[in-house]
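Shared chain: subunit A. Partners: subunit B in the first complex, subunit C in the second.
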Partner chain A sequence: MIKIVKYILLDILRNKIVLAYTLFLLAISFTVFSLEDSVQKGLLSLLNLILFIVPLVSIIFSTIYIYNSSEFIELLLSQPIKRRSIWLSLFIGLASALSISFLIGAGIPVMLYCTSATGLMMVLMGVLISIIFVSIAMLATVKTRDKAKGIGIAIMLWLYFSLVFDGLVLFLLFQFADYPLEKPMIAITALNPLDLGRIMILLKMDVSALMGYTGAIFKDFFGTQKGFVVSIFIMLLWICLPLFYSLRKFNRKDL
Partner chain B sequence: MIEAININKSFGKLQVLKDISFSSGVGECIALIGPNGCGKTTLIKCLLGMVVPDSGGFTFKGEDIAKGSAYRSLIGYMPQIGRYPENMKIGQVMDMLTDIRQKHHGLDEDLIGAFQLKKLYNKRMGTLSGGTMQKVSASIAFLFRPEVLILDEPTAGLDPIASEILKEKILLEKQNGKLFLITSHILSELDDLVSHIVYMQDGHIIFYKAIDALKTEVGETKLAKAVAHFMNNKTA
Partner chain C sequence: MKAIILILCSCFCLSAIAQCTTIHVGKLQAVSTITDGVMKAGNNDTIIVEQGTYHEKNLVIAKPVVLLGINHPVLDGEHKYEPVSIKADGVVFDGFKVCNSAISSIVDYGGIKIYNRRYVTISNNILEDCFFGIYSQNCLGCIIKGNKLIARQAQEQQSGNGIHCWKCDSMQIIANTITGHRDGIYFEFVTNSIIWRNISTKNMRYGLHFMFSNSDTYAANVFENNGAGVAVMFSHHVKMFHNYFKENWGDAAYGILLKEISDSYIDGNKFEKNTSGIFIEGASRIEMYNNSFKDNGWGLKIQASCMDIVLKNNNFIGNTFDVGTNGSLVLNTFTHNYWDKYEGYDLNRNKTGDVPYRPVSMFSMVVEKNPPAMILFRSLITVLMDKSEKVIPSLTPENLRDDHPLMKPLQL
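Entry: the complex of A and B
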């Protein structure tokens, strides 16, 4: 399996898009940090950019890459290799390539300008979000054979997680403004890894006061050691569940 | 060596394989023939584990193929239309396969030599013509000295010289006691190669016979005529 991962990684590197993505992240990070006068502000701007770009690139690149590897998958399937190894190798290859480029592209500038708990949290969340969206892409591709449809689903999923979900939450909040929704909000947050990541980073920045009463509740929950462990666990679930579900589907898929 | 047990497979509403059962032994050279869309390729893909049957399954040397993938190290497969990673070079594909199979010596490079593929090792798979692609597929199928060879329309797209080379290779390996499973529409070409005939139609196996038995049964010496005779009698 390590060998297959090696070939996939080599192929991804040859493809140069990941390289361009790394350079792009590097460029934005350095620009943002040199534009803003305080590091905290820079980090906040970078956070918003990263939460927008990282999931988009991860999910679209992975989806297209998996569709384009159909020949590779077919070739390997006629060899003495388990289906599980092929699928997991694809996942490991994509996840590690995208994580490494995030670590280089955003991790290095963040560490240079701001080696605080906030910076570390941001790098950790960025890596987790990269991997989560690879996993979601694997699910989107295994469900449909049609490439255009698969990429469409991937874009829809990205829209959902970065825009639609927040809209729905706002809608809920306004509709049920008379009820105490602060505690359920914690549970609702778990339904979107991007929001979870954002909250984890914001809480480290001590700007939670800006979020009002909900912010205080969030701080109470996510700010603690327990809250941190729980949210990391939820992020890991977001990686594992789509991946295992897609693996089950792939094991029964006709190629 | 290979046994199929009550295989059923549907794609949506279309039932492609209907209760297929047969068994074949060492040294047989089986021609799988039948009209287009009768399920030949699907049956082969089931044997390779690329298509998962709805019910039933294959056993390879007595072991259920759904249980593992190790059996595929004994199979060489030449697909009808080779599909390879487009930006890999021929040489890289060969190296990758030997690397993954962890078999670096005792490789059978006869076909690579005969097709003069070494000269093309730096060409990318995406730029190859259909015939060259077939040559690569054939070379890969024989490369690891497998005990079973599955060739799906091996000579389609090959020029006469190349298909002659391939046929000679098949004859040679047949004498070495390997099990062959060949699908083809060109019956005249199979005449001197095969020992058994499997005739499929609409997802059923109509007959599985030794070729000599078939010929004497219908009193024809040419395979094409024998099969045609049999089919006419069937439909009449």
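Entry: the complex of A and C
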């Protein structure tokens, strides 16, 4: 299995897209920190990067990579190797490549300019979000055989998590404005890893505003040690569940 | 002849001085209790109290005397009595440690209480675990200076105010430190007074509570981490200069809450890390110059019920929302402020931006209407909404804008 992971990692590095992604992240992070007059504003721009570009690149790159290596997968399957280890090594290869490039691309500038709790939380959330979207991409690819359709699904999923979901939440909030929605809102955020990551970062960044009445409820939940552990656990679930389902599907798939 | 008059005069003077005696009170002195000392003393005498603990029950000072404590002698109220009651004009009470006053919900027991008197000075005392700290009712021209007040009650009902002034005039509250009381400093019906260089932190309710008190000034005070910040209500001609409002957190906590205030000045203050820097309601004719709003949730919450409020030359840096409001009516003026969120340009190089800045964001209006929406803050959809709102304002008040936003922050 380690051999396959090594091979996949080398293959990903050789195809240079991940390298370009790393350089792109590095360039953006450095510009953002040196252009803005305060570190806080730099972090804010970086937050948009994490919520927008990181999931997009993760999901699209992983989808395309898996479709392109379908022949390689078939070749491996003809060898006496378990399907499980092939699929997991694919995941590990993709997830580690993308997290490493995020760590280099955004982690290094954050460490250089702003080694605060906010910065560290941002790097942690960025890595988790990268991995989560690799896992979601694997579920999307295993569902359909058609490459165009698969990539379409991946884009739709990204759009859903980054835009449509929040729109729905806003709609619900105004439809049910007469009801106390603070606590259900905490549960609803668990349904979107991007929201969860964003709130974890906000608790470090906009703590003054979040201490308002409803904010205090979020702070009481997410801001505590227990809330932090629960949030990380939910994000890990977001990695494991799609991966687990895709693995089950892959095991039974007729290739 | 002249020489004889001079000698006679100096004799008179000397005898006048000699009439004021100094009485020493202490364990090893002839007089061992302060009550005895006060009884033996004549008007304008000095009583020097040596170190030690004194159980005087309720010490009543009904003569104009000077009481000086050496190394903070302790006056213990044993949770049953009011330790010190001052019932004479011109008393000086300096350098004591007063602790454990009685607690009651019927009588306002103070650590040191001044009853209807003039020109009393309370200075350099330490007050620990008193119900009310220094209480003055119906007083004139008193000085409360350099005292340190600490209370440790857990409940608001069990605790009184640190420095409490009711129906007073020309008071000077200077350089006191107040912690753990209900309100740090409380003013009701107090006029022409000054609150200067005090530090009021971690009080249960307000750092400073100000009601029906006109023509007062508070300057260079620090209000930090109080339950609900500072409240200034129903007063006019109040001047607030160079105060520091910091870390007042909670939905009902404000750096300053201004309610029904008119003809006042807010100048050179610093608001840092509060949920709301200033909350203004029903106020009119207030001038706010040279204030700095930094890292607050809301820099300024200004309700539509305010009018003729002028904000000029203020810095707004790192606030989550610069300005929040609840309606579309704007009768106030915003001009020449620095806003770090301003994205305009300055083509004619006059140091002010060429396009107006609208400090109220769409999302702050959404949160005002529907507080749980805060959970969507900084998500992609709200960023898009804010951007589109900037191009075509629909929800945000059109007239709430700074026509001359500064390009560089002011040195404040």
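Note that in this section the second predicted complex is superposed on the first by the 248 of 255 C-alpha atoms of A that agree within 3 Å, B and C clash if a C-alpha of one lies under 4 Å from a C-alpha of the other, contacts with A are read in each partner's own complex, and residues count from 1 in each chain.
Following the convention adopted for this analysis, a contact is a pair of C-beta atoms (placed from the backbone, for glycine too) under 8 Å apart; a residue touches a chain by one contact, two chains touch by 3 or more.
Source: prediction; values computed, not measured.
Contacts of A:Asn48 after superposition on the shared chain: subunit C is touched, whereas subunit B is not.
By the touch criterion defined above, A:Phe218 reaches subunit C but does not reach subunit B.
Within the superposed three-chain model, A:Leu163 lies in touch with subunit C and out of touch with subunit B [touch as defined at top]. Counting residues of subunit A touched by each partner, subunit B versus subunit C, the larger count belongs to C. In the overlay built on the shared chain, the residue A:Asp11 is in contact with subunit B alone; subunit C does not reach it.
When the two complexes are overlaid on their common chain A, residue A:Asp178 makes contact with neither subunit B nor subunit C. In the superposed model, A:Arg252 lies in contact with subunit B only, and not with subunit C.
Touched by subunit B in one complex and by subunit C in the other is not one residue of subunit A. Taken in their complex, subunit A has these residues touching subunit B: 3-4, 7, 11, 14, 69-72, 74-83, 251-255.
Only residues 11, 45, 48-52, 68-73, 75, 77, 79, 83-88, 93, 96-97, 99-101 of subunit B touch subunit A when the two sit together in their complex.
Subunit A makes touch with subunit C in their complex at residues 37-38, 40-41, 44, 47-48, 51-52, 162-163, 166-167, 169-170, 173-174, 177, 181-182, 185, 189, 194-195, 198-199, 202, 206, 208-216, 218.
Residues 249-253, 273-275, 295-298, 317-318, 320-321, 340, 366, 369-383 of subunit C touch subunit A in their complex.
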